[in-house]
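The following pair of complexes shares a single chain, chain A, combined with chain B in the former and chain C in the latter.
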Partner chain A sequence: MTTLKKKEQTFLIDLLDFQDSLNGNSEFVDNVRMKGADEVRNTPFPHSKDEEWRFISLRDLYSDSYQHVSVLEEKDPDLRDYFLPECANSRLVFINGVFSIKHSSVEALPDDIVIDSLARLAASDNPLVKEHLNKYTTFEGDVFSSFSDAFLQDGAFIYVPKGRKIDTPIHLLFVQTEADITYFTTSHSVIVADEGSEITVVEDHIGLGDNKYFNLPVVEVSAGKEAYVKHTKIQRDSQEAIHIARTSAFVEKHANYESYTITIGAKLSRNEPRISQRDEEVKFTVDGLVLIDGEQVSDTHSVMDHRFPHCESHQLHKCVIIDKAHSVFNGKIFVRPHAQKIDSFQENRNLLLSRKGLVNTKPQLEIFADDVVCTHGATIGQLDEEEVFYLKSRGLNEKQAKELLIYAFALETIENITVDSVQKLLVDEVHNFTERQLHSEFTI
Partner chain B sequence: MSTEALESMVGGEYKYGFTTNVEYEEFPRGINEDIIREISRRKDEPEWVTEFRLEAYEKWKQMEEPNWHNVHYESPDFENIQYYSATKKNNGKRPESLDDVDPEIIATYEKLGIPLQEQKQLQGIAVDAIFDSESIFTTFKEKLKEEGVIFCSISEAIHDYPEIVKKYLGTVVPKGDNFYAALNSAVFSDGSFCYVPKDTVCPMELASYFRINNEQSGQFERTLIICEENSKVSYLEGCTAPKFSSTQMHAAVVELVALENAEIKYSTIQNWYSGDEKGQGGVFNFVTKRGHCRGDNSKISWTQVETGSAITWKYPSVILQGDNSVGEFFSVAVTSNRQQADTGTKMIHIGKNTTSTIISKGISAGESNNSYRGQVKISSRAENAKNYSVCDSMLIGQTCGAHTFPYIESANPTAKVEHEASTSRVGEDQIFYLQQRGMSEDDAVSLIVNGFAKDVLKELPMEFAVEADKLLGIKLEGSVG
Partner chain C sequence: MLKIKDLHAVVEEDGSEILKGVNLTINKGEVHAIMGPNGSGKSTLSKVVAGHPAYEVTAGDILFEGESILELDPEERAHKGIFLAFQYPVEVPGVTNKTLLRQAYNTIAKAQGKEELDPIEFEDYVAERMEVVEMRPEFLERSVNAGFSGGEKKRNEIFQMAVLNPKLSFLDETDSGLDIDALKVVAEGINQISGKENSIVMVTHYQRILDYIVPDHVHVMVDGRIVKSGEKDLALKLEEQGYDWLAEIPSAAVNGQK
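== the complex of A and B ==
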């Protein structure tokens, strides 16, 4: 017991030894790594008694021994199945945390947009990297983002200049390959949309095998004045993987940030979208869909931080739980003093379809201004028998009726995603999931 | 809508802030084994109660003050509290008739609107009056006894009905349940005891009236209500305290046990002194209230109107163990000035087809903070359990805060849990509408706030609803005048 406890405390610190295996980059990157490593040494590892971590156990993470992803041999997997047709020439691919120039193409994008691998830009001392990296994060005191800094290597860097509206969606594909060893990998992506620009990004995490690995992606987004950023994240990591993500977005005056997070993969996943309002009159959306089965655990802790007057925010988080899966949701809505005229909506709906499933939900409001309309709701339940009956009376069989209802439940969060192929892909995922649900031994 | 009018609404004068001049017995401050034995000795308690206290004290010593709540205050100095406070006249002895009670105290209760003479009272309410650490008098005791209902102070019950008390005391809230419950179990002074036998509907409303008068002491009330099969009881509780610049502590434990088909309705109007505008003084209200639906088809319902106390830390809960049992929680919490409230409920669903309803209304004004904290837990065995929760907050002014922390857990797929919450303020359009119908701005605000709390107020028993209305009226005073 004591050895395990000790392991928990020193787990990330021990892994810092792998810092040596990172490629030298630039002085700037070295400094970020050093600072990150210092923070890791001085920040305690989360404990299940911490309010923020009380519903899940990280034992699966810290009880294993990991090596840095760089020890793996270079791989060249066939990725064609994962490419999105809309993004044939607007795609960055990262294989095991490293940029793959071979699979990437940005030809469809205008020349004045900066889109490249963070490592390549940093190595050439690009001033944009220095200006924007870690400028839009709100994860002070968080050991995982410090750890990510300590292993800062690669990721996507996108800068859209003033007034540039890009119709073509951009696909960021993060691929983890199969391996005999258990490895950890980090990535850090930065998306900056300058004044009046528009951009659509699909962040896509894929595991090619069934192996265990620890994936720690950090994404920071800046939606500048009057900018419009649409950010879809699809997490399809391997069924044994551990996925701990940090996503933060700064939303400036008159800007609109929409984020959709779809969780399908990973044995243990933790998403932490944090949206920070930086000026008056903004709009943002933080929707999510979670489809989990087996022994999967999915945890979403979101923060919607309203700091200035006039904001419209929306969060719809839906989960479908089968087998022994466990879903956790904690959504915080903060309204700071003097942030008047806030209209904030939050809803967490859970479809618990199995005897052994578990749902924890904690929607949370903390309001310090009086002239606001903030609502939240949470439901946990199953498919409505009357609805199933109605569909059966219309000629559908039980399976079709249930499938249709689960599909309809999930669709609400998918239908706002504007990339057609992503929608189609998710519809297929929902279909597969429903199939699995019908064969689960714990289904009621 | 002027903010001043809104703010004046909640700035009504505290009417119960007077002190009664009574002589107190000497009692040392602080807490240790000797003090606990001394409390036990003065109350002439049997050995098992003394043991109960000492075991609780041992547990308490090992525990740490909770800090997870959303309230901030200077931790009380537990060594500087007088844990027992008896008036000289009574000196621990129970008065045989009202003639034995200090007339000063009778006058106090009269002033509070609670006459202890039976002929002066509203028919249909039996009152147990508790002054600091002692139960002063219980009315209509004989009449209740005819029906087999026992209603008396807990000290009396320990003497007269030890087998019942022993069977149930500490079974709903164990000795070491939490920091304040353990402290209470060690030093509890007095409180009410009620036992309703099988197949009995208690013929009148039962009420306890708690008064803190001694500046130095804390009040550690302990209440135990047992409702046997097919029985029913409605119990009311009221609390006030004088204005002192120092803070007093009130750490109570209330245990309710409902057996098969039994129904308990527990209503509270809590109006302890809340401190002044600067946050000086007031009562720290750390209360553990829990009901246990032990039998099938039983029902426990909590209704609370929380307007007083500098700090409120209170989560009346229901353990729904019996199949088809029902738990309810209705709450209005009003905070103003520097008051802080962290209150809510827990509904633990264990039995099949159990249902629970939570309706919580929080109103914050001034520089106060009002938090709802609730837990709904559906265990894997709770087939077809249902929960419905609503918690609404209303903010008045820009310097207060409203918080909602609902914890929801479900491990049963046949269960249905619904939770919703909203935060808003008195709408300008609502006020405008009422004004153009001929109401003054103040009347309009008062009407809107009353309407906001109506869902809860209508749950109060008739006799109490009048008092609650008056109480909200006091808080709302200034808006109308």
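== the complex of A and C ==
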């Protein structure tokens, strides 16, 4: 990485002075912060000259000065519209980065699972936090991860013990409220599914206003031996927000990690799911759906790291781009030497519905084993004219026909999500998204 | 009901002329068959009537119930009661038959000032229409034509017709891809739907289906023109002798142009 010009770099470094004044309630957390802060001081922030960041501009991030979210007054917004009926008593809520006891409930979950605010567990010196925090990430040298550590405050911590299969999905709701200042917020969540356990997590980021803030969530997942983890992430941050996420998952022997990442909000978002195979015979899915319009930018840089023999991996990343929106996809597939019998599927499908929209797509395969099936591809297309005509010949007008086809495009991802209310809310989001195009120029 | 006058149409993209002066009049309640060799322009004629954007009409007119429809969008033509059963029905993965049909039915009903049906009423209505072509209920939940066999797609087109109840239907090669049992079912369905109020144009190059749906008029299309019209026995003659003898009839015989 190149060093940034002084001016651009100051904004985040300044924040580290603030960091020094933060006083953790746990020595362990303080140490994580100190280490993170040191790393940030010694690591330049990325720039569009860096290969991994070349398609997008981070000017929006660097051009503002931010205050830490903790300077905001405590807020108590009405969140009922955002609650999922299946998760009435299996929900953790964080408002502006702070755990909200009032809105959270875990009564529906069995007693032997550990689910709580990370900060609370750390404050009570819970050994699980020390045992698992930062153990399942592959973001060494990544300045945003270090930055997150430097401001480590709270997040969800979930530990599912051996053999425990939980049917009730768990909703992790991260709420950002309106504010008069531009702030930044981090969260660090840890999901550990021990041997043979099963869990479904819905990670949900919502912005209640249209203010600018910088949201940096880190999520690490461990799918232990024979465990099954279903992880849906919905990003509905404010239309002015910057969302830079780090998500990593370790998948152990015979385990299955299934993830669906839905990007709807934020002016600029960057998702980096990194899946690391830790043993033989695993399965994982890293599907994505991106619906962007206006001047939104959505960038997904993913890593599927096949490190052992016998793995089935799947990545279908679908994007709908309208107006001047810009979608970036860079999907890395690594197959290490000796990682034979890998069956990996990757496809990035883009529905580009405006002349001014932009798509950059780049699959990147680095395969060092020979007995491997890797299919990969990328398409950029408009709505199929024959399909549109077919629907119109049945009486549907232009808008109905397009809406139906966009819906059908998005559905392929949505229908795999096993939480009904999430499916339903996403169908509504697709509807709102196409509805917004009613007045905008939207050329086939 | 439909009057096509000296219709010329070109492929919008490259300007090549496909329809070279088609004249055709279809009255209420009539069944017509348009036959002709492959590539003669039968599907193009059907699609131009339905308003396909790939073609541009360069001369002539299409009147439906006395008014020109050339300026109308495909959906406006559908609202007026024009239906096209596609030769190659389009697959629309992700959109179920039920979703499409209910939206189509209600959009047309609304445009015609008729009552829209709520999901429950529609369910009942559709169940009754399904019997017309002996459609299995699970069909409704499947994506439109996705993964259907050729025959299933054709049957689905007629099912859509049964639900939408159009005034004028072009059925483009509906018989191809159907085995004999399916053909009988579909033909029987078409006969049930057609009546004094509805007109049907069957595009086919086999006379097989005409054994089940007896046309009032048979037309032969060659190279973008209707070169001969007659009654049912014309279809039999075509079946026996092919189209070659017609090539001898100069198109001048139709409209004086060459």
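Convention: the second predicted complex is superposed on the first by the 432 of 444 C-alpha atoms of A that agree within 3 Å, B and C clash if a C-alpha of one lies under 4 Å from a C-alpha of the other, contacts with A are read in each partner's own complex, and residues count from 1 in each chain.
Keep this in mind: a residue touches a chain if its C-beta (ideal position, glycine included) is under 8 Å from a C-beta of that chain, and two chains touch if they have at least 3 such contacts.
Computed from a predicted structure; not experimentally measured.
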Clash or fit, chain B versus chain C on superposed chain A: fit
Touch count on chain A, higher of chain B and chain C: B
First (chain B), second (chain C), both or neither touched by A:49: neither
Touched partner set for A:395, first chain B, second chain C, both or neither: second
Contacts of A:385 with chain B and chain C, given as first, second, both or neither: second
First, second, both or neither for A:369, with chain B first and chain C second: first
Which superposed partner A:80 touches (first chain B, second chain C, both, neither): neither
First, second, both or neither for A:353, with chain B first and chain C second: first
Which of chain B and chain C A:411 touches, first, second, both or neither: second
Inter-centroid angle chain B-chain A-chain C after superposition on A [Cα, multiple of 10°]: 70
Where chain B and chain C come nearest after superposition, their Cα distance in Å: 11
Residues on chain A lying within both footprints (that of chain B and that of chain C): none
Touching residues (chain side chain B, partner chain A) in the complex: 68, 378, 380, 393, 395-425
Chain A partner contacts - residues on chain C that touch it in the complex: 50-54, 73-75, 77-79, 83-84, 86, 89-90, 92-95, 99-100, 103-105, 107-108, 111, 143, 160, 164
Sites on chain A touched by chain C in the complex: 384-387, 389-398, 400-401, 404-405, 407-409, 411-412
Touching residues (chain side chain A, partner chain B) in the complex: 51, 335, 337-338, 340, 350, 352-355, 357-382, 444
